[in-house]
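Below you'll find the structures, each written out as structure tokens.
In the two complexes that follow, chain A is the common piece, with chain B as its partner first and chain C second.
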Partner chain A sequence: MVAEAYDAEIAKSTRRRGSRLPGHGIAPYLYMAPALVLFGAFLIYPVIQSFFYSLLDWDGLQPGVYVGLDNYAQLFRDPNFWNSLKITLIWVAMSGGILPLTALVLALLVDFGTTSRTLGGIARTVLFIPMTISLVAVGLLFTLFYNPLLGVINNVFLQFGMMTAIDLLGNSSTTLMAIFFVAVWQWSGFGMVIFAAALQGIPSELYDAAKIDGATKWQIIRHVVLPLLVPTYVVILTLNVIGGFKAFDLIYVMTAGGPAQASETTSIFLYKNAFVLHKFGYGSAVSVVLFIIIGIATVVLTRRRFAA
Partner chain B sequence: MIRRRTLLAGIAASALMTLPALAETVELTVWDNAGNPGREAAFAAFEAANPDIKLNVVTFASEEYKTQLRVTVAGGNTPDLFTTNGGFTFFEYVDRGAAMDITDLVEEYGWAERTEAEFLAADTDENGRIWGMPWNTTQYWQGLFYDKDFFEANDIPLPSSVEGFKDIAQKIQDAGRYPIAFGDKDGWPAILMLGDYLVQTTTPDEIRKLNTGENTWTDFKPAKDAFEAMAKLAADGAFAPGFLSMNHEAAIMSWVGKRTAMLYNGTWWPNVAKTDDPGFAIGVAKLPMIDPDLPLQGTQYWASIQLLMGAHLEGEKKEAAIKLFDFLTSKEGMILYGNARKAITTNPQANPEITEIAAFFREPEFLRQNDKPKIQFLDHAFPIPVIEVIKVELQKIMQNNGYTVDEALAAIEAAHVAERKS
Partner chain C sequence: MNDKAFDLLSRLLLVLILLVSIFPFYWMLANSVKSDMDIFADPLGLPAEAQFANYLVAWAQADLGSAFINSAIATGTAVTLIVVTGALAAYPLARMRFRGRTFFLILFTAGLIVAHEVVLIPLFNLFNTLGLLNSLWSVILTNSAFGLPLTIFLFWQFFRDVPLELEEAARIDGCGSLDFLWRILLPLSKPVIGSVIIFQGLFTWNEYLFALTFLRERGGKTLPVQLQVFFSDYSTNWALLFAALVMATLPVIVLYLSMQRSFVKGLTAGAVKG
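Coming up: the complex of A and B.
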């Protein structure tokens, strides 16, 4: 009875948007204050400050000169920016299209490939291990693997007389895919763990009912499991798309955006303008545009997530 | 009560023993490129001789160092002493007010005697003020290290011209190796090679005119010749696979590991390889010439690293920094540096007493450059935005996928026009 009354009160207060939590005064807000202060200081304030800097011609040391929207006008005329945006969108498309799929496949293989809980646990741990390694270390490691003179991959090919030395990272047409393979190796385990948790949350009654109805393993996956994993899939898709827009560290370590800007994402373009060319105002304009793009993508995907 | 007194007395005694030591120790923050045994030896000797001065030496690897130094200076945390490349990069820190004017100190301490006049002139602004001193050992370019044993065993002639390199590249590959180890991931090695090719056919003065607009990239024939030479070498298979994706250190290791027959030089390769004996006889050949009959018109300036003091220094710290600066550039400090690096230094007083100079520094292919007119390493001879465009354009033409030298030169000129205006 008490619980029902409490639920009713909560439901009522939730409907009254903008009103204080009933019977608590300002206490809840005081509890939230430290988090809000930190959020404001380390997220909201830098974003506002970046927008302010984007209106300046500023080298980072001398006082900036107000130039209005000139940095934005210059940015939209800059072919290097459009090149970086194209590369970022390719990376986002690969991140959104491939990473959730590989994660899903791994999760299904682990979950349905063995009936042993121990073996499944070991498999999940092994597949998750790449996630625990520093991105820089992974980048350096795979740079060495890919090295056509010193690397393992080419040496294996050469041992079998399969091909001459190939330079995956030094070729404009293959470099992005070669780096993305590393991202798949490292990040699939992350999505796999989330899918695995979602799989374990599916009630066993549904499997039992499907088996009683004579469903095969594939039919169970197709008609029971996959539909129930859609919300999880959208969450992982959202995370990968947002991460894709921000792609920097792995690519910077492996190619620094080269060769000849073939892997220069917008984040690397931003970094080079701000910290190599000392165009902090221009770099801030890039960051504001990137922020807006990521914001739009996040809103779109979040709505889809709630719809799912 | 007695115990409390004893305790207080103990604390007081400890404080008395500690405080004077803390007060007398001055800590200096020094920023430098990582992995230079010569400078490490000099820092260690200074600390041993000056126990009242503690050095906090912060180092980063090559490209990372350039970025980190810029960021820390931009953030208002200029190190007490720091090193940087010369040319435009050097004056960037001067213009930002990060460097101390050392003109009076050069006079007072006689520092001008510790280097060549042309080196000091390069650290002097148009008003005659001096802002730093060169502090490094020989770094020759315009050459190729090669495995003498391999060339002799396979009866392969040394390359002399860009035009004739293709046949030699084929012979080297037929003998089981790739020709030249060259790692341009970071962009600067190709710019240095471009500098080498420019001074094969034109003088440093003419190259500098690109900064004023008296010469333009699109109309300057030596620039076109140099770009075409590099594009041809790449097309003819002169560079080992991976030259656009590996850095210079990896290139050095592939040469030391006998995967290539030659190395586009970095005279500091023993530091990277951790040995100066890779197990084969080392020779030094000319970088293939655009015109083998034409003598070199200049050379890239080898006093490339400059030592600066922070403009913010004052009081005890300033005195300590001057003391360190004085030691590092002195004859004594440079002998330590030169012997550890096995190379001659920017200090002519020290050079006669350096006993460990590596044999390859005596090779005629290097020494032929000493009396030539000099220009800064090309990656510091132009404004940074221009350098960044050159890096990209060189990589585009060396990929040989239809991008032309004229397109590359037009892009560089456009970037340089903007810088000349500003």
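Coming up: the complex of A and C.
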């Protein structure tokens, strides 16, 4: 969304005052030089290098041997790669499907649900705290939380009369959900404040008019507020989907992709191939595929919003 | 649903959500001052008596001192680099006419779609060649490069909206282009600078993947990586793990609580603007 806001802005600014701006010779390039060096050397150049490295059979120590597209051929036959792609897509679907909803519910509860300003203020402050902590610390905290030896989850389930020890992270059918719950706990507050900003932008006359017509709070939310929040919803959905493709920290810290690859996203698959198995060429092929997938997702999502 | 029922229901729901949200923090704090035995016997309750010695032991065993220093150096240097180079680059992009202006704007912003994972292998190789593996410069330079797209965008957006008349007046008074940036634009952009410092500062402070990959020596790691190493080395010394977690997270939480508005504004700057 940044990209398109910015397309429009460029067009506007060049039209509006481009012709009045003074010419400056080489000064503009000098001003940009330090940023260009940093950005070029540590972001652009490595992206280009990834493409070349993906054509090598290379362990990172000996010089690489050119093998053409062999890495890609091998990659597309690798069941572990397809598994990682499946896990990534599940994670992305959960991020896009659930996080904007929880954020919306929080924002509505905080802004409409409570007539108490104190409760609203406390809620706003508290719900954003998890956002400020590193994914690593949050992940580690929740590994303790899920640890069957410490028994927090077991304690809760005992109350409901279940007696078996439960290891949500260690079970391949529940592990991804268990990690995703942590993402919900940490990230809902982020979307909440963005929704809250959008809610403040709704003119109060709209509410007053609805109230005069005898609408209840619930009806106001359904018929006045929700339709107005659709653009914000799309922004948050986009951010969460793109963020979902990059999921690494939380999952790597909590399960390192396990048990038996049940939570191995493509990012983790890449990291393991490169830095555990020392397959630098193969890992680079994964980088390129990931780069292309994220690129396509970004274009598709931001274009759709553009059209709307 | 009438308003009364709605208010009651939503208040109940909000309180419930708040409890779920706070519980992990309560749990972390309570267990950080228990003994391992107490944690095992009663993982959810309050401590019978507080053992603050856990903090001293954990601080030393986890080598948190050097981790804090490393993270502070890396974060401070990266944020300084990002603000200085970002503001310098955004200035001509917003206020000068030159060949390739649109190209450079698009190039910088396109950096937003590059994930850290994509450049990990080439950067590892680059730092290995340069002898910068295990040096804080590896995380400083990468975090700076990755911080630039959003930073340049935010500065550019702000600089662009400063009236041209102000610049013309300054020129007539003999103000050069660097003077104008330094004396007029930057003092005006304090809100943007604040947002950039908070966003990029927190991002670098919490960054994991680059630090995990490039910093592999004992004593040379940043806080998140050091914390994770401690967790795998001392995996059953529960009390120490909780104490280390508290010490690693509390500084940022306290900072957030003391300047909440700036934090929320800084962390959502990119999203709200777009």
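Keep in mind that, in the parts below, the second predicted complex is superposed on the first by the 250 of 308 C-alpha atoms of A that agree within 3 Å, B and C clash if a C-alpha of one lies under 4 Å from a C-alpha of the other, contacts with A are read in each partner's own complex, and residues count from 1 in each chain.
The rule is simple: a contact is a pair of C-beta atoms (placed from the backbone, for glycine too) under 8 Å apart; a residue touches a chain by one contact, two chains touch by 3 or more.
This is a predicted model, so every value here is computed, not measured.
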Touching partner for A:T175 - first (chain B), second (chain C), both, neither: first
Partner chain(s) touched by A:L199 [first = chain B, second = chain C, both, neither]: neither
Which of chain B and chain C A:I87 touches, first, second, both or neither: neither
Touched partner set for A:M131, first chain B, second chain C, both or neither: second
Contacts of A:F145 with chain B and chain C, given as first, second, both or neither: second
Partner with the higher number of touched chain A residues, chain C or chain B: C
Touching partner for A:A165 - first (chain B), second (chain C), both, neither: first
Which of chain B and chain C A:F275 touches, first, second, both or neither: both
Touching partner for A:G258 - first (chain B), second (chain C), both, neither: first
Contacts of A:A285 with chain B and chain C, given as first, second, both or neither: neither
Chain C-contacting residues of chain A that also contact chain B: 60, 143, 149-150, 275, 280
Complex interface listing, chain C residues touching chain A: 1-3, 6-7, 9-11, 13-15, 17-18, 20-22, 24-25, 27-28, 39-40, 43-44, 81, 84-86, 88-89, 91-98, 101-102, 104-105, 107-126, 141-142, 144-146, 148-150, 152-153, 157, 160, 164, 171, 177, 202, 205-206, 208-209, 213, 223-225, 227-228, 231, 236, 238, 241-242, 245, 248-249, 252-253, 255-257, 260, 263-264, 267-268, 270-274
Of chain A, residues touching chain C in the complex: 1-6, 9-10, 13-14, 17-24, 27-29, 31-32, 34-36, 38-39, 41-47, 49-50, 53, 60, 106, 108-110, 112-116, 119, 122-123, 125-137, 140-145, 149-152, 155, 185, 190, 193-194, 197, 216-218, 235-236, 239, 242, 245-246, 248-249, 252-253, 267, 270-271, 274-275, 280, 283-284, 287-288, 290-291, 294-295, 298
Touch list for chain B against partner chain A, complex: 63, 67, 70-71, 73-74, 76, 96-97, 178, 181, 184-187, 240-246, 250, 253-254, 257, 259-260, 384-385, 388, 392-393, 395-396, 399, 401
Interfacial residue positions of chain A with respect to chain B in the complex: 59-62, 143, 146-150, 164-172, 175, 255-256, 258-261, 272, 275-278, 280
